[in-house]
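To keep things simple, chains are lettered A, B and C as they appear, and every chain counts its residues starting from 1.
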C-alpha cells in the first residue's frame, strides 16, 4: 500500500492553504486528465482552468484566488513548483548504499567516500576520488585522477576523463562525456598539427548534464560550468568555455570554444554559439538561432544570425511574402516607367 | 564457396518475371558500377538506365517494361525493395544463440527468454526481462525492471534505464540511451528545482533507434514510439512525446517535450520541433526546418520557422536577391521623388 | 621538479631565432595573461600585441619582426604552431604500455601488436587485430573482425563494429560509434523493409574522431574518411560517404548518405549536407548552413540553403530590415497612385 498524506500535511509542506476538506488523503500525483480519486493533481496553466471541474483527482494545487469549482484545493504561490515538490515527496525513494559491487573495476589509490554505490562494470581509474553517497552506474568510466563530489549520480556509460572535477549533487545522464579533448589543431602548411589538450573540465555543485552530451577539456586551463546550470541531451560545450550559474541549455545546443556565458541564460534547442563571445546575464536565445557575436544582457534574441527577438518575429513574418514583394516592386517599376513616359510626353 | 541461386528462384522469391536465361546463377548483390559476373544488381533510378548496358553483372532487377539492353533481367514492381530483399536473402546469417557468456553481469530475478545472447561486459540489472532470441551486446546496460521483447538486437554500450519497455524485433544501435531523465525543472525564484521523472519510455514492435540517440522518459507517464518507426543517429526525443507508426526521423532531429507526431511522418535531418505540438499524419518536414506550431496532415513544410514547402522554395529563391531588391526600392524612391518634383513644377 | 629547457634549445627545436637572453630556462607553457615567470607563452593574434609588454612570462613566441617590448622572444614563422609543438614537447608523457589488463575481455583468434594497452572492461571481439602501441580504454567495444592500426588511442566506451578498419595514429574520443548500420529502408507499401548494411567504415591514418560521433557503415561497400581528417564532437556521417584528406568537420555537422567531400574542406558547426552531393576541394561552409546541392571547389558558402558566402552576408544584412522594406514599398505604391491620379487630372 502506498503511503498517504492529508491535504493539511501537504499544505504545510508547501506553505499553502487548503480550501475544502483538509483531512482528505492522497497517495501520489497524476496529471489533470488521468488522475484517479486517490491522487492530487495541479493546475499550472490558467488556460486549462475549466478542467478543474472535470478531474477525478481528490484535490488540486491551484494559484491563490483561482476558481476551485467546489473541489478540495491547496492554494500555493507556484503550483508547478508545488507539483515538483510533491512529486519528490511521494516518489523519491530513500537512497540505499550498495557499496562497491564485486564486478566493478576499481584502480589503485582510489579515495571512496561513505555510503557510495559502484555498480558492476563501472571502471574507476587510479587516484580517483568519489565523495559520500555518490552512485557510479554500470559501464561508467572514470579516468585517472578525476574527482567526483558528494551525492552525485553518474549514470551508465558516462565517461569522466582524467583530472576532471565534478561538484556535489551533480547528475550526469547516460552516455555523457566530460573532458574529451578540445578540437584544437594548428595547420602546419601541409596537415593539421594536434594541440595537446592539457586542461580539465570543472562542473560546480548542482550541475546536471543530459544524455550523450560532450564537454571538452580546456587546452590549457579549465572548461567551467558553474553552480546550478542544467544541460539537456546532446549538448556540445567546446574547450575553454565558461558557462554561468543557473543556465538552461536545451538539447542539441553547440557552444564553440572560449565563449563565456553569463548567469541565468537560456539557450533553446539547436542554438549554435560562435567562439570567443560573451553572452550577458539573463539572455534568452530562441531555438535554432546562430549567435555570431556577443550578446548584451537581459534581452531576447533569435535568428541565424541573431537579432533582437522582436525584430526577428517581424522579419520572419515578411519572409513567406518575399515573392509577392518582388512582384510588387516589378509592378511599381513598370508604373513609374509609364508615369515617366507620360510626363515626358506632356 | 558462396551459395548460389538461379534467376528463376530469385524471381519466384520476389514475385517477379525473368526476361532472358532463367537458369543463370548468382551468388550475391553488388552496385551497378562494381558488380562482377557472379552478381545480380538493380536499377532503382531510371535516370541511370543507360548503365544497364555497361554493367558486368550477370543479371539485373528492373522496373516492368524497362529497357533490358539484351541483358538477363528480373522485372519487379519495386526494384529497390527487391534489392533489399535479395540482400537479406544472400547476406543475413542465420542467428546463432551464444547464451549468457560468463563475463556478462546479470542481476537477480532476471527473466531470460530462449536462445538469447548476452555478450561479455553487458550489465543486466535486477528484475529485467529479456525475450527469446534477443541479443545484448558488450557494454550495454539494462537498468532494473526494464523489459526487452523477442528478437531484439541491443548493440554495444546502449543504455536502457529502469522500467522502460522495448517491443519485439527492435534494433538499437550502439550508444543510444533509452529512458534518460526528462529535462524538467521548476524555477523556485532563486534556482531550478528538479522535477523527478518517474515515467518510462515505451518502444513498440519493429522500432529501430540510431547510434547515440537519446529518448527521455516521461515525467509521469510514457514517452511512446509506435510500431515500425525508425530513428537515424543522434536524434533527441524529449519527455512525454508520442511518435506515430512508420515515421522516418532523420539524423540530428530534436523533438521537444509533449509533442505528438502522427503516422508516416518524415522529419528530415536536423529538424527541430517545439513542444506541445501536434503534427498530422503523412507530414514531411524539410531538412533543418524549425517547427514552431502544429502542422496539418498530408502536407510538406520547410523553413525555420516552417511554411508550406512550396512557399519556402519561392521565398528562398528571393533571399540571395534581397540586396538587389533593396537597391531597386531606393532607385524607385528617387525616381518617384523626381516625378513628384516634375509634376509640381508643371 | 619540472624539466626545463633553454630558449636556445627551444629555438632550435622550432627552427626559430632568439632575441634576448638565449640561456633563460622555462619549464612549460601558459596563456599570455596567466603565465608565470618560469613559463613561455605566445602571441598568435597581432591584435593582442600590447599584452606582450604586460605578461609575466619568461619569454614569448612571436612573429618575425614583431615588437618584443624588450622581452626575451623567439621569432618563429607560425607562433601558434610553435605553441602547439612546445606544448607537445613539455606536456606529452612518453607512452607506457600496460599490456592486456586482467579485467579486459578478449575474444579468440585476436591478433595483438607489441606494447599495447587494453584497459579493464574493454571488450575485444573474436578475430580482431590491434596494432603496435595502441591503447583501448575501459568500456570500449571492438566487434568481431575489426582492425585497429598502430599507435591508436581508442577512448572509453567507443564502439567499433564488425570488420571496420582504423588506420595508424587515429584517436577516437569517448563514446564515438564507428560502423553503426546505415539508415536504409525500402518502403514496401505498408511499412519499411530494412536494407542490410553489409559494408564497413574505413578510417585512414591520422584521422581523429570526436566524442559521441556516429559514422555509419556502408550499405554495400565502404564509408571512407581519408588521411588526416578531424571530426569534432557529435558529428554524423551517413552510409557510403567519402570524406577527403585534411578536412575539419566541426561539432554537430551532419552529412547525408553517399556524399563525397574533397580535400581540405572545412564544415563549420551544425552544418547539414544533403545526400549524393559532391563538395569540391578547399571549400569552406559557414556555421549552420544547409547544403542542398553540390559545391564547386575553392570557395566559401553560407546559408540554408547555401549561397556564396559574400552573397549570404549581404542578404542577411537585409533580413532585419524586411519589415521596413515592406513598408517602403507600400509607401511607394501610395505615392505612385497619387502621381497617376495627378497626371490623369492634368
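The rule we apply is simple: contacts are C-beta pairs under 8 Å (C-beta built on N, C-alpha and C of every residue); 3 or more make two chains touch, one makes a residue touch a chain.
As the structure is a prediction and not an experimental result, all values here were calculated from the model.
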item: Rotation angle superposing chain A onto its copy chain C by C-alpha atoms, nearest 5 degrees; value: 120
item: Type of chain B:chain C copy interface by residue overlap (half), same or different; value: different
item: Centroid spacing, where centroids are CA-atom means, of chain B and chain C in whole angstrom; value: 26
item: Sequence positions of chain A contacting 2 or more other chains; value: 121, 139, 157, 175, 212, 234, 252, 270, 288, 304, 319, 321-322, 325, 329, 332, 336, 339, 343, 346
item: Parts of chain C lying in touch with chain B, wherever the complex brings them together; value: 105, 121, 123, 125, 139, 141, 143, 157, 159, 161, 175, 177, 180-181, 183-188, 191-196, 198, 212, 214, 216, 220-221, 234, 236, 238, 252, 254, 256, 270, 272, 274, 288, 290, 292, 303-305, 307, 311-312, 314-315, 317-319, 321-322, 325, 328-329, 332, 335-336, 339, 342-343, 346
item: Contact footprint of chain A on chain C as seen in their complex; value: 29-31, 34, 78, 80-81, 83-85, 87-88, 91-92, 103, 119-121, 137-139, 155-157, 171, 173-175, 206, 208, 210-212, 228, 230, 232-234, 246, 248, 250-252, 269-270, 287-288, 304, 316, 319-323, 325-326, 329, 332-333, 336, 339-340, 343, 346
